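In what comes next, subunit A is part of two complexes: it sits with subunit B in the first one and with subunit C in the second one.
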Partner chain A sequence: MNPLTGLAFAGSAVVACLAWASWVVWAGALAASLVAAAKAGILRRVVAAASVVVVPFALWALVIHGLFFPEGRTVLLEIGPARVTSEGLAYAGAFVLRTASLVVVMLAFSLWVSVPTLRAALVRRGAPAQLGYVLASALGLAATVAERLQRIREAQEARGLIVRSGPAGRVLAARLQVVPLVLQLVDEAGERGAALEARGYSLPGRRTSYLDEPDSRTQRVVRWALAVVCAGVVASVVIPAVVGVLTGARR
Partner chain B sequence: MSSLALGAHVRSFAYDDGCEPLLRNVRLELVPGSLTAVLGASGSGKSTLAKVLAGWAIAGGHGRLDGTLQLGRSGTAERLDFRGLPDDPRLRLGAWGQHVAYVPQRAADLLTGAAATVGEELAFALEQRGTPRAEMLVQVDSAARAVGLGEFLLRDPRRLSGGEQRRLAIACALVGRPDVVLLDEPSASLDAQGLVALSQLVDTLRTAGAAVVVFSAADDPIARAAGHWLLLEGGAVAAEGPPDEVEGSAAFTASGVLREGAATPRAPRLVGGDADAPTPLAELDRVTFVYPDAHHAERRRHREVSGPSMPVLDEASFAVLPGEVVALTGPNGAGKSTSLRHLAGLLRPQGGSVRIGGRDILAEPAGRVAATVGTLFQEPRDQLFERTALREVAFGLAGHRRGFLGASRDEAHTRALEALDAVGLVRHADAHPYELSMSEQRLLALATVLARQPRVLLLDEPTVGLDRFGLARLQAAVRRAAEGGAAVVLSTHALAWARRQADRGLVLAKGRFEEA
Partner chain C sequence: MSHPLTVEAPRRSPLRTTLTVLGAVAVAATYAFLVVSQPADVANGPTAAGALVALTGFGIAMVLLFAGILPSLPTTTLALIPVALVLNIVLGQFVGSTLIPIYLDSIGTVLVGFLAGSAAGAATGLLSTLVWSFFNPTVLPFAAGAAAIGALAGLAARLGVVRRFYLVPVAGLVTGFVAAAIAAPIAVIVFGGTATGATGAVIALFRAAGQNLVQSVTTGAFTSDLPDKLVTFSVAAALAYALPRRSTQRFEFVRRHRVLAGAKHATGQRADGEAATAA
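Up next, the complex of A and B:
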């Protein structure tokens, strides 16, 4: 599938989840993205990554809204100042479901998409080539930084630094590694800048792409259709709101 | 075709840091199909000249050139006259780079670092020029084949070995079919097979009409194949002409250029250590090690890729006695660095044991192992992280942090200065390590190791990029350490040098060591 088609699906799901406050829409988006992830063979990674974000958030939401929800009327349980109300639980549940659906949709897209192909697709449609390079190198930055940090740590260990286990030891070690890390990255950026220039990075004119971009007439139609649907979804929320404001103002 | 591919007259070149010019009165005329060797000791200005010719040193606006660059192509000549003034013509690196390609000393610097495959990396320059895709595929394929990477188009560039990365960088430079190719220390770290491939590649480039220039501190086989030599000394031409003529000159004899053919005498050495107690100081005992897939970064770093889940070390054993110098050899990616890292306590074996001074170090943190073991890493910059050369060498000597040597501040200062003196870098004590040339960085890294006076000395590719003087300092350091009773283990591709310096040679093949 073309990465832009995937982007259109993910974007539409995000727009719908944000625009419509409905359990059905949220659960639908969540289920659809999980099914898509399973089909792409990335379900386990999506669930693992999403859990890191959603589980702590869900616990926090349940504690705050489940136990302390001033508007709650139907009290299920009372422990001291805390009152578990069904309205509070429903609010927390909706909050968590909406967040989970947004997180899973976005993670499924970003773990599925091939960045080089996405870059090729964007460049072919006239996006600045530099933007594509920045996108690709930003995604690789975390790996580069981790690799550099480890190299510096090993060099320091080879000269007697003992990194104690546990977070305190690692923080102490990181303090010694940050300055050399920044210097290395800056130094390398200078050399790489010249190399990129010499290889034509800022030449004027249109770019071409080495990678082929899988596409079809059907996909193009689907993308346009999704764009129209998104506009419709936004309109379905914005128009009544604007009308409401205007009629309210007239009164 | 014009009879001139590139002409340069550098009256003077200096960086904008207020220092003296790095180059004076250097003239070079390159004709299509020629091979020129620019030779010189460390700090003679080779890399600076390469960067001036490539435009890298001028385009950034940090350097001042007084001189002329002239590009001859398709019958027309393009001439740029520089006066070192603000109204000088502007060299557009993107356009210049299409005709003059340059592979820096650290070849990986040429790569974008953002490409997911070798094919994409190679295509980068063609994409920027808007080459149609069908044509691009053909050019990428042909460039990859020219450097022996035809089967590697789908591989991740970061997972290539050091030698393969160098070949990829060369392919990136030649994919746009430039008129001039500048190669800075192209044979560094290459094994014998890599050297043969590089020589063939240079021939292919010349046949296609490119002018090739190699910059080197040694008269290696590629330099020997050149028709014209230019010897640099202190940024100026000390001799030039056909190789025989330059070789016979007094300037060449006095220079620091390393003569590959000439035998460095094997230095007589006092027998160190204690002959009555032959307990090995460093020992790998049936060590097995496989890089897990999750540790790709680790493997990349040591440029050792031997296929998925193949053991790099397979019950590998060897022992080094006090006062003994042992050389580990083997092709790129055989596992030499991995063996040294086990001895340094930076990697843990999956089977077998590693003993230092008779003690198993499995449970010891690398920082504690460092009290006995000193390591010179393959990429010197990986181990330089301080603000000045002196601070760099003094790191870990003073202070009572766990694992540090606990010397007093004065004592640490003295020891650091002595170590800098031993490698000839005292005059650079206050320089930032990154301001030094690559060979000086290697010597500085060596000083950081020597200052700790380790009983076990591990040297990973210590000779790379060193000129004659640097090599002599390295040899002296190895000799002194061995005479003092230290065990020295070095890994190298410089086989002749290893044979002369080591008591014993071990070849690493298929995960095991065999006596050479």
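Up next, the complex of A and C:
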């Protein structure tokens, strides 16, 4: 599938989750994303990555709104200053479900998509070439930076670095690792900049990509249809809201 | 006659400046809408309009700013941006998992702002949010705040704040104030005022004291953002001074506006430089 078709599906699901404040829509988007992730063979990775984001969010939503919701009237339980109300639980549940569906939709896309193909597809359609370079370069660098930190730590330990207990010791240890990392990365960035410049990177004009981009007439039609429907839905929600604020009307 | 590759490509144009200005206007208009339309009573749960206007407005602003800023950046700055994004993500992921009420997720953005100016700082903030959203999509609605942090860091550097090191924490506090003011309504409208870690604890504390959600989230945002940006600006300035002069002087912005003061202490750098080389 073309990465832009995947992006169109993910974008449509995000618009649906935001445009209709309904548990059915959120649960539907969540289920559809999980099914798509399972079909693409990335279900485990999506669930693991989403759990890292959604579980702490859900726990804190329950602490903040489940225990302390002064607007709540139906008290279910009272423990000291904490009041568990059904309104607070419903409020927390709604935001957790909406956030979970948005997170799973977007992670299913980002873990499925091939970044180089997405980059080529965007640049081919007129996105600034610089955007593609920065996205691909940052994602590639992020994958190797942990290994670099490990090597710097080993180099510093070989020179006698000992992480002492207490905040001062940890700050010193962090400084001795982070500063060399930054120096190394910035120095490399300078060399990379010169290399890119020498290859005419800053010159204007179209770029040729050697990456093949799978596409079909059906996909193009689906993408345009989704884009038009999403634009209509967004306009039907945003325009009345903006007009309402401008005219001071009560929503 | 010079070779085509050595000719400086036209970086600034009226069209790009217009796009950048329109992007900034879109951010301001969206923020104004969120503040004006913020519901006093939040007990009804998520609504359609607020979150969709926020994402649409900031999304349009992001596209305009990318189209206006990215092609105008010199290659040296472009090559530095991925490094800044990685620093933001690595340090932000680490601190975000602790119970310290700061994020430290914008050190790279502020560093680029110091070395390459407001436009590069704003672009780095936006791109950082975009890349980070590949791992954690909940950061995406806060892209406008990240852009403002980078832009203000560049402005501070241009005004000579980094040259007078004692002013750096003040610039950090001002930026923290702006960042908190931008983030609070977004946190309420998109996430219902839910935050994790120490910021979440502050919000819970004020909710327990009976404050309304908007006040609690705003207090939580200021409690986190003011110290966070103070530390972030100080660390980024220290890093800028720790860099070898040949690295910092590559940036036209640093040379033109004399961002950094005096010569650096060679001895302090040597150990770090050696470690980087050895690693």
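As a working rule, the second predicted complex is superposed on the first by the 223 of 251 C-alpha atoms of A that agree within 3 Å, B and C clash if a C-alpha of one lies under 4 Å from a C-alpha of the other, contacts with A are read in each partner's own complex, and residues count from 1 in each chain.
Definition applied: a residue touches a chain if its C-beta (ideal position, glycine included) is under 8 Å from a C-beta of that chain, and two chains touch if they have at least 3 such contacts.
It should be emphasised that the depicted structure is a prediction, and the values quoted were computed from it without experimental measurement.
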Discussion item. Contact-wise, after the overlay, does A:57 reach subunit B, subunit C, both or neither (first, second, both, neither)?
Written reply: second
Worksheet entry | Which superposed partner A:201 touches (first subunit B, second subunit C, both, neither) | both
Worksheet item: Residues of subunit A touched: more by subunit B or subunit C?
Response: C
Worksheet item: Who does A:162 touch here: subunit B (first), subunit C (second), both, or neither?
Response: first
Worksheet item: Is A:110 in contact with subunit B, with subunit C, with both, or with neither (first, second, both, neither)?
Response: second
Worksheet item: Should A:209 be classified as contacting the first partner (subunit B), the second (subunit C), both, or neither?
Response: first
Worksheet item: First (subunit B), second (subunit C), both or neither: which does A:152 touch?
Response: both
Item to complete: Once the structures are superposed on A, label A:183 by its partner contacts, choosing first (subunit B), second (subunit C), both or neither.
Response: both
Worksheet item: Once the complexes are superposed, what residues of subunit A are shared between the subunit B interface and the subunit C interface?
Response: 133, 137, 146, 151-152, 154-156, 159, 179-180, 183-184, 187-188, 192-193, 196-198, 200-203
Worksheet entry | subunit B-facing residues of subunit A, complex | 114-116, 123, 129, 133, 136-137, 140, 143-144, 146-147, 150-152, 154-164, 177, 179-180, 183-184, 187-188, 191-203, 205-212
Worksheet, complete the sentence: Contacts from subunit A onto subunit C in the complex sit at residues 14-15, 18-21, 49, 52-53, 56-57, 59-61, 63-65, 67-72, 81-82, 87, 90-92, 94-95, 98-99, 102-103, 106-107, 110, 127-128, 130-131, 133-135, 137-139, 141-142, 145-146, 148-149, 151-152, 154-156, 159, 176, 178-190, 192-193, 196-198, 200-204, 234, 237-238, 240-242, 244-245, 251
Practice prompt. Provide the residue numbers of subunit B that touch subunit A in the complex, in ascending order.
Written response: 54-56, 59-60, 93-98, 101-102, 104, 106, 109-117, 119-120, 123-133, 136-137, 140, 172, 297-298, 300-301, 344-346, 365-368, 370-371, 373-375, 377, 381-386, 395-396, 401-405, 434, 448, 452
Worksheet item: Contact residues on subunit C for subunit A in the complex?
Response: 4-5, 9-11, 33, 36-37, 41-43, 45-53, 55-56, 66-67, 70-71, 73-83, 85-87, 89-91, 111, 127, 130-131, 133-138, 140, 191-197, 200, 203-204, 207-208, 210, 212, 239, 242-244, 247, 250, 269, 272-273, 275-276, 278-279
